[in-house]
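Letters are used for the chains, namely A, B, C, D, E and F, taken in the order the chains are written, and counting of residues starts over at 1 for each.
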Amino acid sequence: MDAFDPAFLPVSGFDLPRYAGIPTFMRLPHAGPADGVEVGLVGVPWDGGTTNRPGARHGPRALRDASTMVRMVNQATAAAPFHTVRCADLGDVPPNPASLDDSLERIRRFYADLVARGVTPLTAGGDHLTSLPVLRAVAAGGAVGMIHFDSHTDLYDDYFGGYKLTHGTPFRRAIEEGLLDPKRIVQIGIRGSTYDGEDREYAAEVGVRIVGIEELMDRGPEAVMAEARAIVGTGPVYVSFDIDGVDPAQAPGTGTPEIGGFSTHVAQRMVRALDGLDIVGADLVEVSPPFDVGGITAYAGASLMFELLCVVANAVARRKGRAAVVNERLARVLGGPA
Amino acid sequence: MDAFDPAFLPVSGFDLPRYAGIPTFMRLPHAGPADGVEVGLVGVPWDGGTTNRPGARHGPRALRDASTMVRMVNQATAAAPFHTVRCADLGDVPPNPASLDDSLERIRRFYADLVARGVTPLTAGGDHLTSLPVLRAVAAGGAVGMIHFDSHTDLYDDYFGGYKLTHGTPFRRAIEEGLLDPKRIVQIGIRGSTYDGEDREYAAEVGVRIVGIEELMDRGPEAVMAEARAIVGTGPVYVSFDIDGVDPAQAPGTGTPEIGGFSTHVAQRMVRALDGLDIVGADLVEVSPPFDVGGITAYAGASLMFELLCVVANAVARRKGRAAVVNERLARVLGGPA
Amino acid sequence: MDAFDPAFLPVSGFDLPRYAGIPTFMRLPHAGPADGVEVGLVGVPWDGGTTNRPGARHGPRALRDASTMVRMVNQATAAAPFHTVRCADLGDVPPNPASLDDSLERIRRFYADLVARGVTPLTAGGDHLTSLPVLRAVAAGGAVGMIHFDSHTDLYDDYFGGYKLTHGTPFRRAIEEGLLDPKRIVQIGIRGSTYDGEDREYAAEVGVRIVGIEELMDRGPEAVMAEARAIVGTGPVYVSFDIDGVDPAQAPGTGTPEIGGFSTHVAQRMVRALDGLDIVGADLVEVSPPFDVGGITAYAGASLMFELLCVVANAVARRKGRAAVVNERLARVLGGPA
Amino acid sequence: MDAFDPAFLPVSGFDLPRYAGIPTFMRLPHAGPADGVEVGLVGVPWDGGTTNRPGARHGPRALRDASTMVRMVNQATAAAPFHTVRCADLGDVPPNPASLDDSLERIRRFYADLVARGVTPLTAGGDHLTSLPVLRAVAAGGAVGMIHFDSHTDLYDDYFGGYKLTHGTPFRRAIEEGLLDPKRIVQIGIRGSTYDGEDREYAAEVGVRIVGIEELMDRGPEAVMAEARAIVGTGPVYVSFDIDGVDPAQAPGTGTPEIGGFSTHVAQRMVRALDGLDIVGADLVEVSPPFDVGGITAYAGASLMFELLCVVANAVARRKGRAAVVNERLARVLGGPA
Amino acid sequence: MDAFDPAFLPVSGFDLPRYAGIPTFMRLPHAGPADGVEVGLVGVPWDGGTTNRPGARHGPRALRDASTMVRMVNQATAAAPFHTVRCADLGDVPPNPASLDDSLERIRRFYADLVARGVTPLTAGGDHLTSLPVLRAVAAGGAVGMIHFDSHTDLYDDYFGGYKLTHGTPFRRAIEEGLLDPKRIVQIGIRGSTYDGEDREYAAEVGVRIVGIEELMDRGPEAVMAEARAIVGTGPVYVSFDIDGVDPAQAPGTGTPEIGGFSTHVAQRMVRALDGLDIVGADLVEVSPPFDVGGITAYAGASLMFELLCVVANAVARRKGRAAVVNERLARVLGGPA
Amino acid sequence: MDAFDPAFLPVSGFDLPRYAGIPTFMRLPHAGPADGVEVGLVGVPWDGGTTNRPGARHGPRALRDASTMVRMVNQATAAAPFHTVRCADLGDVPPNPASLDDSLERIRRFYADLVARGVTPLTAGGDHLTSLPVLRAVAAGGAVGMIHFDSHTDLYDDYFGGYKLTHGTPFRRAIEEGLLDPKRIVQIGIRGSTYDGEDREYAAEVGVRIVGIEELMDRGPEAVMAEARAIVGTGPVYVSFDIDGVDPAQAPGTGTPEIGGFSTHVAQRMVRALDGLDIVGADLVEVSPPFDVGGITAYAGASLMFELLCVVANAVARRKGRAAVVNERLARVLGGPA
């Protein structure tokens, strides 16, 4: 079942208008983890780790809805992810809004099953604590690197008098649990007023590389991503994209916005620069529809999920010894490989 | 395949939170018309007949999203439609936004197939012109009666210099085409400023009974519905519910609102009063999400679709010689049959 | 120039879609006060008297926009105001947002000119202080009666340490200035928490009749309006409709909402009950578009302006010795006069 | 410290515009529980029990903001609560969004301190699970009765496989814990589709009186409240008002709306009918600002809190052997006592 | 009638506040094509070609409303278009929402009349199919060049099984019909996921120059526009500006947004760089008010229409052998010509 | 009372969630001017000078609400303003919406008291006319310099026929009154269509330096601010930040937006570049919540107030002979001073 299978192609907007049909991620078939899927798009409708404005539990549905605006091919790179690997919408992890601990375990189990079946996950959050149980599954075999787009480090130790599990602490926990190799972590876009330098001090101690928004703006996405690629190297790497890394004008629908962010254009360039890395999983988190205006955050999130999918698909193909597929007509026009 | 089948039950909010999962109508399974479905919930994402504010093409998706808030049982009547008949989401009719004529034919064909398979349709529009091709399928075998909730008669002759097919003319056409028996039509909630008395004069001539909003308010829903039931009698009847019949405070998301409408509470009572009629199809049309605020119109529409489903399911059961199913615990509390 | 003139008819929605064209009030011609107009629709884009949430200065534009949804004929009464009198949009009074006093005088002058030319004004506010300079023109020849729909009495004496001119005080001033005869004033819909009983005490002293919302709900609009008609009698009467009399669910876009209001349906019935009174002017005030949601307040306001226009037109026709015109086809259906 | 103290009066809108100033509840002084306060307005910014759409954690702030529109005196009854008892804003209970259990205990402790000091609480939620820890404090000395306005019974047993503490279960727990006497509970406004009759069956078994929306609409608020008063009798009673009891058109900003609800006008009448009961605490819960439109839900909630305050203040005065204070000028006009 | 005529000046915001008055485009007089107008601002309230989210039919009204915020003079260039040529609002083309074909012909006829009278049109759409009938009139005498700002090429061949007339195909049709010279077309800002490279391949074949967003960002607006000017040369050129070329954060109110767009600042610079070209018509299309937030898209569109007007006015003046007029005081400050 | 006092620290988000508690500016204590405060955050809820879209009267409350999202330390500079000086929320100036003149005097008096007590003010407007009475107090002892971020010069002479006091004229008046030294004024970000060059000509005559948006974009914030610092030199300087300087996508909630503005990132860099100047007061004005979407403008405004506070606090510390306090852990990470 390695060859291209048209049953895994999305519905085309030339055949059915993009606003029509039951909305799955990118109009993909709804399938189960045992159906031969190579890249599974998964929703985690949960915001139990949110210390501030809630609503990320509604993220997956809004992302599915917006994602029906996404088409087949990446016009900037000619990448054709749906022709490269078998993709499907695997539905939502069933969360338990009445229990943080039960939810963490439900998520971990769901992803452990995917990992066991060789499915590479692309997650639509949920708040950023989602990444922790996902990493508990994805990195069960050993610490991975991470490229992390965000306005916050999410490296705090605790909140509210010793509570260790919130959306401000997932990567502190993941480092402590040996899921992430701090020397192979790069955090990009960090900014905003802060409580204290404690998270930054911790990052410096364990070796996490932080690229603040000022540095990103000064050096540009190409230089920063070149360094990031060098830091994570050829080993397995997880990609975590918190939509609040993007400026609040382009992504108002999130719980903890910070002004002065990077643009979606820069975000697209940075994600495209991940191509070639050995990505073992990716997430797009913290889209909070109740705080969105005009659906633009969901649409930005869905569009960035498509960019992530392009580089994830290529990584999966490489791991399987296959070549990435590009759209030949477009590639010819762009002067790239065909 | 006549017995109750748990595979056709919606996902429960006790098991999966109501905001989670790919949104089908009322969290029903997504099925095809050949899968043994008895009542098919169908979306018609089309507003090609709209002469005024558009957006009803986005209705089915918004109605699906809102409908995941609907639970299993009607608390007022103890009706349990999902236990009474096999229901499913049959997806959307593929419209053609570039051609009014092609869209009308696509819709008719889709419903003709349902009729041929014995599936009773409950439609989520779409603008009100949708009802015409649906009737062309449902009433292909002979004129049916209609109970029609609306603020407009939709009995105009033409627009813009002789154009006969718009959302202001469907029932004039349906009467002309012999799909509706005008003497078995009741229109309820009619109001608003008007161009001219031409539609009302036509109604009087062919025998359509119009209950204006003032009469509805004065006599109350019970008396009006008793008369309506008497008018349509025991023959086959179609139910068409234009959401703009409801007051704009409760249903702002529609193309042609009219102030001074009936409330959703009255709407619920009127729909419940349809129980016992031989309903052969029903639609809920003119929800226009781009004009909605806070999703309340979609939620009202989805809730009224549930009320319609309760009476449609009972009609289907009766036609199949089965008893309607009620929730016994609730029925006991309500003092009704168990 | 007394006969019916088709040049004063609105553009029909059968000819030009209702969303098209430069928006004048009800799609009427834009004319000047000297052009033979009998009823002039005038905007007063001014909120200089507002002590609370502003924005009524944007009322006229929003009301014009919404009013293009209004058609020719009153379906409940068959009244055809545009065929009864020559109506036109006379544009906006030029306000001065930098000076309350200058604005009051600009408004008074504008209306004094209308009065001099025999034009009966139907005003779109603006905040409620607008009514004061309008009355200074309309009632320059002697005190008139008033039927006043509102949630507030607007009979306070002063604010902020002795300031006498705000939207909470216009009718106290108008009574003091001899513009209104307090014994011929009826205020309907009054409610809400209050600072103190001072305004109510004043009303009782000078003889203003106040119908609180509880009384309106208990007795119903027919009984209340019968009493109101008896109180104002056959003399000249001004009608002032503050949109905040309507419930905030139907009219959220206003500066000082009060929950528990009357519905638009009741409002329509009350305005229709004004038919036969000698109305010398009317206003619809306090629509504040920045606080509106989905434009429903503007639409309610425009629809109520149409109801006001129907009774104003009939009063003008009577004063000119002409009969009111009704739509004959509709009148026949309704069983009324033809 | 029993006499009237002007330091506990709100800031007047005649002195400072209602949009100005740091927003405390009803513009009351911010005080501590030990400052001689008799009725404490408390916020509980917490939605940890929410199984569906979140956001009630933002309720207290939105209610404070909207409550600055509230004035001194109840115009319908002449009640002057701020002159009757010493009221203050006691700030917010500090919740812990990272722990449901810790939050429940923090709330209980806060209220236990109020009870110990003789302060009667009026709570602004928060989701409906808030009522449980409040009752654990208020009813620590013995079961109380309850009048409960809502569209849901909140008497379910558990969710998501055995989880007992959610906003759908507080009163089942409170009955089990002996905090509420089920035979002295009345639930008013219940409606909506339901999972199953299990909660209604439980209610019937333990003796809770449920007034569904159909019964309320048919009998009217006066008759229903007369019965409710008879059921709870002269003993201590808690009042819990879930804003989703109100129709979604008037209260869209809530997590679990149900169409066909009662109006704010009816709500006001029902709350006023509580006067004379021995109210030992009250709450207004489930306002979810992220789902609100135009702030109308917060404004409705704040206005109903004022109605609740009027009857709570009178109960406190009675318990202290003092007479309720009314506005004399208004009382004279209304023909009531002075 | 060649000299400057003050009757064609907009109303000044120093005289009448910008929110007052019946909203014509830029507060210009409403005139007919025969009234001596040189540049006619025309609305086309039509979205019959829209394959995706509708609402552009409401564009002209929203653009008129927002355009009353525009003042007299271009502060960056000192251009004074209203003093350079006689401008007026010519009203809306009457569309037929019930017929795509009839609408196309109605638009063509309206513009053919303008062309016949020597009026240069500046159009407010409407969806992008609008440009086709406009070009059928404007380029009736021979193919023109085009500078086209957009995120899409609109060069697709057909949709939904062979339908050739949609807002995704106008320029394919215009090239086929000989209205546009493909070798004198430049498309700027193209981006977004794509169905297939078919449109790009076609563009390459016929010689259309496409500047993708990445190239625009890398080279900057000055370099790109220098090349564009060279490509179109001195012959007649049409300018088409699809608002979705602008980033969705600045222009959310459009049917088919694409993230990662250019900013309004860059848009202004690009339009100003058109000065000196022989512009024979221009349009600003795809503003869809139902999807707008806070009116910012309409305001961006109206502001860009003013920039377009500045360069169109200069082209008209040149064609008439007159000099462009600049504001002398401002020109002196800017150091430019006076 | 010169030493650091923990009583003036904000509530931490680690202790109380940021959405909880009565919202004061940045969660500071509410204090009076006599309580030892060094930097007073003051609201001016007033928009009496607004010639266009109102609502800035609601600015202070929205800014307080949004400001609870601000934390303790500036992550880009390690500045710790709350540890550097004693800050507090001094409440709102009581405006008089019924009188422009009285309001101006009330504001002046309030600030004169602050100046007399040695409190440096940081103001949250209110419209831009607010700056005039503030300067009348702050610059009572002699003309100061000003760095002014805005899209408008606010140097017009009069409006509406000679009215001199509007939000378009404050700095013309302040120069005439000797409050501002025009040769030490720099205006940054100026753009938009304009009535006439009159304000620019005046600026050139009296020596005001205007940096238009094109120059800012071309030279960058560093070069522009270096020049600005040189122009204002070491003397006392006032900082006025009109939120409409920021692009409308990031700050839609303002009365007079102009497209093509600078980003919040550039704004942050420009404000940080003010460090070292002898700032004697600062304001952030023209946030108009009724026109905001999703609260992003208020949040941008509050975030920029924090940036202003950092440089104001340092100036105050310098004037008192104390060193600025930085967060040592963060400073170490950033490589700055510790």
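Keep in mind that, in the parts below, a residue touches a chain if its C-beta (ideal position, glycine included) is under 8 Å from a C-beta of that chain, and two chains touch if they have at least 3 such contacts.
Owing to the predicted nature of the structure, the values given are computational and were not obtained by experimental measurement.
Chains that count as touching both chain C and chain E, per the definition above, are B, F. These two copies of the sequence, chain C and chain D, are related by a rotation of 120 degrees on CA atoms, to the nearest 5. Chain C and chain F, compared by their mean Cα positions, are separated by 42 Å. Distance between chain centres (mean CA atoms), chain B to chain D: 38 Å. For this pair, chain A with chain C, the centres built from the Cα atoms lie 56 Å apart.
Residue positions 15, 17, 19, 51-53, 57-58, 97, 159-161, 247, 249-250, 291, 293-294 of chain B each touch two or more of the other chains. Pairwise, the chains that make contact are A-B, A-D, A-E, A-F, B-C, B-D, B-E, C-D, C-E, C-F, D-F, E-F.
Those residues of chain A lying in contact with chain B across their complex are 15-17, 19-24, 30, 43, 45, 57-58, 60-61, 64-65, 89, 91-92, 94-95, 97.
Here chain C touches chain B in the complex through residues 12-15, 17-19, 69-76, 78, 247, 249-250, 263-265, 267-269, 293-294, 296, 299-300, 303-304, 306, 327-333, going by the rule given at the top.
The residues of chain E lying in touch with chain A in their complex are 51-53, 159-161, 190-198, 200-201, 203-204, 212-214, 217, 247-250, 252-253, 256-261, 291-294. Chain C meets chain F in the complex at residues 47, 49-55, 57-58, 96-100, 102, 159-161, 163, 165-166, 290-291.
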